[in-house]
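My questions will all concern the structure given below.
When the chains are written out, they are named A, B, C and D in that same order, and each has its own residue count from 1.
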Amino acid sequence: MDELLEQILRECAPYTKEGALANYIPELAKADPNDFGIFIMSSDGRTNRTGDCHKPFTIQSIVKPILLLQALMDNGIEEVRRHVGVEATGKPFDAINYSDQSLLSDHLNPMVNMGAICMCTLIKGDTYQEKFERLLQLTRRLAGNDSICLNETVYRSEKATGSKNRALAYLLKTYGMIRDDVEEVLDCYFRACSIQVCCADLARIGFVLANHGRLPISGERVFPSEYASYVNAILMTCGMYDGSGEFAVKVGVPAKSGVGGGIMAVVPTRMGIGIYSPALDGKGNSVAGIKALETLSQRLYLSIF
Amino acid sequence: MDELLEQILRECAPYTKEGALANYIPELAKADPNDFGIFIMSSDGRTNRTGDCHKPFTIQSIVKPILLLQALMDNGIEEVRRHVGVEATGKPFDAINYSDQSLLSDHLNPMVNMGAICMCTLIKGDTYQEKFERLLQLTRRLAGNDSICLNETVYRSEKATGSKNRALAYLLKTYGMIRDDVEEVLDCYFRACSIQVCCADLARIGFVLANHGRLPISGERVFPSEYASYVNAILMTCGMYDGSGEFAVKVGVPAKSGVGGGIMAVVPTRMGIGIYSPALDGKGNSVAGIKALETLSQRLYLSIF
Amino acid sequence: MDELLEQILRECAPYTKEGALANYIPELAKADPNDFGIFIMSSDGRTNRTGDCHKPFTIQSIVKPILLLQALMDNGIEEVRRHVGVEATGKPFDAINYSDQSLLSDHLNPMVNMGAICMCTLIKGDTYQEKFERLLQLTRRLAGNDSICLNETVYRSEKATGSKNRALAYLLKTYGMIRDDVEEVLDCYFRACSIQVCCADLARIGFVLANHGRLPISGERVFPSEYASYVNAILMTCGMYDGSGEFAVKVGVPAKSGVGGGIMAVVPTRMGIGIYSPALDGKGNSVAGIKALETLSQRLYLSIF
Amino acid sequence: MDELLEQILRECAPYTKEGALANYIPELAKADPNDFGIFIMSSDGRTNRTGDCHKPFTIQSIVKPILLLQALMDNGIEEVRRHVGVEATGKPFDAINYSDQSLLSDHLNPMVNMGAICMCTLIKGDTYQEKFERLLQLTRRLAGNDSICLNETVYRSEKATGSKNRALAYLLKTYGMIRDDVEEVLDCYFRACSIQVCCADLARIGFVLANHGRLPISGERVFPSEYASYVNAILMTCGMYDGSGEFAVKVGVPAKSGVGGGIMAVVPTRMGIGIYSPALDGKGNSVAGIKALETLSQRLYLSIF
């Protein structure tokens, strides 16, 4: 298996040249486009790794399934579903999902920015500082890594330049889908996106989703099995932005990408996979990361279809 | 198992009252809203059934995955992909998927009408009569039922009243996505939608998709395994119209519904399921059919997530 | 005045190089891009002309105000208003004016294709042949030119290649805004667009609109004054396709352009102007024609604002 | 004339019952729905009035033409045109004018909120306080009323509840159409909308636009004639929100309405009209105000078409 991973790394490394670093916030553009790492956590307890699999990067949109999990753990499926829909939008992740002067929960899902911003408001906590702390704790617990923390520089960069997310949040406010102070909600969202992780962390988080909510080795349950199915189903239909359909036919497992260059893949009952390669395609997905998952899926028959 | 099916039929029968018969063509409105049948074909060769599982109805949109299969068998994945995209559109099945005066393959997928009309043009055959005959033969072979044929009355009704589909097809023509005569292509599409099937047929077709392209019992291969994965992945993300996300979280298996009242579900490696109950929800899906699949999924742990 | 016109022709002739011939139907691409003519009919009964002002071309969209007039004369303002709205759509003339799976009269106006196709159905007549004949008679009467007739070649070309208009018309049918046979309605519309006119004809038709519905010289009333105001108001807000706002600030009079290269301008109480120059800008308006009207408006203080 | 106005007031007063007070900010909902006033300033120097024509109300969107004038006076037509388009959008005034993840000047015009917010940034001044002061001075000068000032309560209410405008402004920021601090720009815009005027003020401002930029009586020029034509043309095509087309056919003069209940109408070369009646139709226009203008237009032949 380690050999297979190394071979895939070699085969897919050239694809890092085909993408471009995210430039919507200055900090992300400072990444090294040649970085490439893969980490796999399997249900038999073994881990496999290759390349830059401990290099830190910001989680960005991969925090969306964790935000959703925290919202589900704090409110249950029905209450979350009342606030945010589950249908693919057919549009980019930061699109203004809105039609004919109306904004309904059906216009959103938890994997697009508008839906994820809503999720922040559903986390329990007296303050948005407390909500964020709970999210961070959940992330650490899922990843089995207490040292996970905020990348302050990226957080400040996001906060200073996030006009589009501000536009989305004020629109949510307009239609009553955010009741709290918009800047506080956004602050929590920008912090959430700036949590710093590595491939190993993503693989372990993905594993818990693949393992129906139980941690590896200890088997300790973090959340009910039905929340895992709920999150995985949404990752399958909406996890790879507006490239989710292509990913479903080519790789065939639930996954979530982030513009930081990470991808977390969930192979139900079998494994969690974390990949890092920051050169992105036009839809915001890691080019070499997707290629590596395609190859892995073919070689290890990962597709659930 | 038969007992379970009967129990589900009893439990879900009240939901037949919550939907309405399709009325966009007069013929469909003549169905009996109380009809309700379930048929399951399992990988161990056993079949289970209950209710009106041999009652005939028109296949409608459930022909879309068969159209896609025929197009794949005649052209391969790459060529089909060049003509039609794979992303969920975020819109109803008969929407005009088109933006800013342009129409690109990315605006379509094979499960919305515009994409399915395109599929007709990709089937091999000198005439559209021949293309349709090949599609009908494939349907019969997948279902193991040589008596499957066209419902002439529904076909004529579709053809006489299909203005929306005509609008969609002429738009495809405008943007070069149909090269042949529009009326001939539409005739093939209307015939395809008017193929008459029953639950047992759908269960067997679904089974071949679940069984990676092999017929039940004989194990004879009809199409390559990768075409099954391709079709199943698209069914998962787009099969239940703009209710696909909801279906993914609640049922968790690839499936296709039709406004005739049928649903074909594919439980990869395990089973094919055919359901019939013609009272539809606002998105065009059988109300009791979805409810039955939800219950089946919970009781038999069918979700692939 | 003749001198002024000649000077404007010289000054604006270079702009004929900046546009391109319409190519959406093959016949239109055969025009001579250097043709350029201006004809003015003034309220004191004088006419002025320069350049190719008797060269024939097809009326195309300039028939839309005549279609609207005929519909008004046959049904009155209220009935016409019930079928078609009066707001600018913010979109190109052949756009699919439709939102969220619904099509309402408010999505249309009589100057976009969908609205103009509707107008055909409102003309009185037992057959569409008769409806068209009445429209042709009105055109001849307004222009004071009994020799105006159909350009058969353009008509056949339009009919053979008009997929986009077919798409629009079938959409109108879908939503009950056309009740008659779509192909018959379209045939009338294609004929209407293929009426052959010259600058002099357009100037005289424009004059009747400027003159509150009365013919020049005789002063004979063809239609009530309020229909002239109705048509002129719509020409002002929607007459120059999605360039109407630009035209309003730069020229400031009601006008209608056609992809055949003609422009008819209406200077209320003062004059009708016909211009021909077939090289079009990206919005379908004659480049040199608009430039000539801008210059004319500045020199003769034509703007009504 | 005074008699005519009184008669119109009587005839149209019942229409005040057909609308509803603006409720998007709490302060506006406190208006008296029975208030109704008309003020006319004619080119012969005479004024006519009836009803509550000195009752103060906030200018709201009627400040948009003044914002445009100030931007034109400070930058010229070309520079303003580079920032904001002139086409009707086909959408409500507070719509998100944006398509396919892009925002271009062509998506805006100065009469929709996004365009008007842009205008604020084009006013000369070192600070936004100074920019607002200059706008207020221009308003006072046009109205010949130095006592015009800000309604502080409405301003604070707008500022506290203006989520939709914040969303629009942050979207402008995202696409580089606002370069300054968004909150400062918005503060200026909210102040602009909260300027308190009466019918007499609006009639005098409208008169200057009708009089090609010259003040009444003194004939002093405030701005060039071409700016008047520019503003009037845009009022004609976009001034009455997405009811501009209807207003053009029914009344036929440039006008601007505000959700405060005011309408300013410009009858080129003849008169300025100010109307106040705060019960609005669904598009945000004063119901009785439009009715009064329709009647006035018919009786006095005001339509420019």
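Here is the rule we use: a residue touches a chain if its C-beta (ideal position, glycine included) is under 8 Å from a C-beta of that chain, and two chains touch if they have at least 3 such contacts.
Being a predicted model, the structure only gives us computed values, none of them experimental.
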Chains in simultaneous contact with chain A and chain C: B, D
Euclidean distance of C-alpha centroids - chain A vs chain B, Å: 32
Centroid distance [mean C-alpha coordinates] between chain C and chain B, Å: 46
Multi-chain contact residues (two or more partners), chain A: none
Topology of the chain contact graph, where touching chains are joined (line, ring, star, complete, other): complete
Chain D-facing residues of chain A, complex: 92, 94-96, 98, 101, 163-164, 166-171, 173-174, 182
Chain A partner contacts - residues on chain C that touch it in the complex: 99-100
Touch list for chain D against partner chain C, complex: 85-91, 109, 228-230, 232-234, 236-238, 242-246, 248-249, 252, 254, 268, 303-305
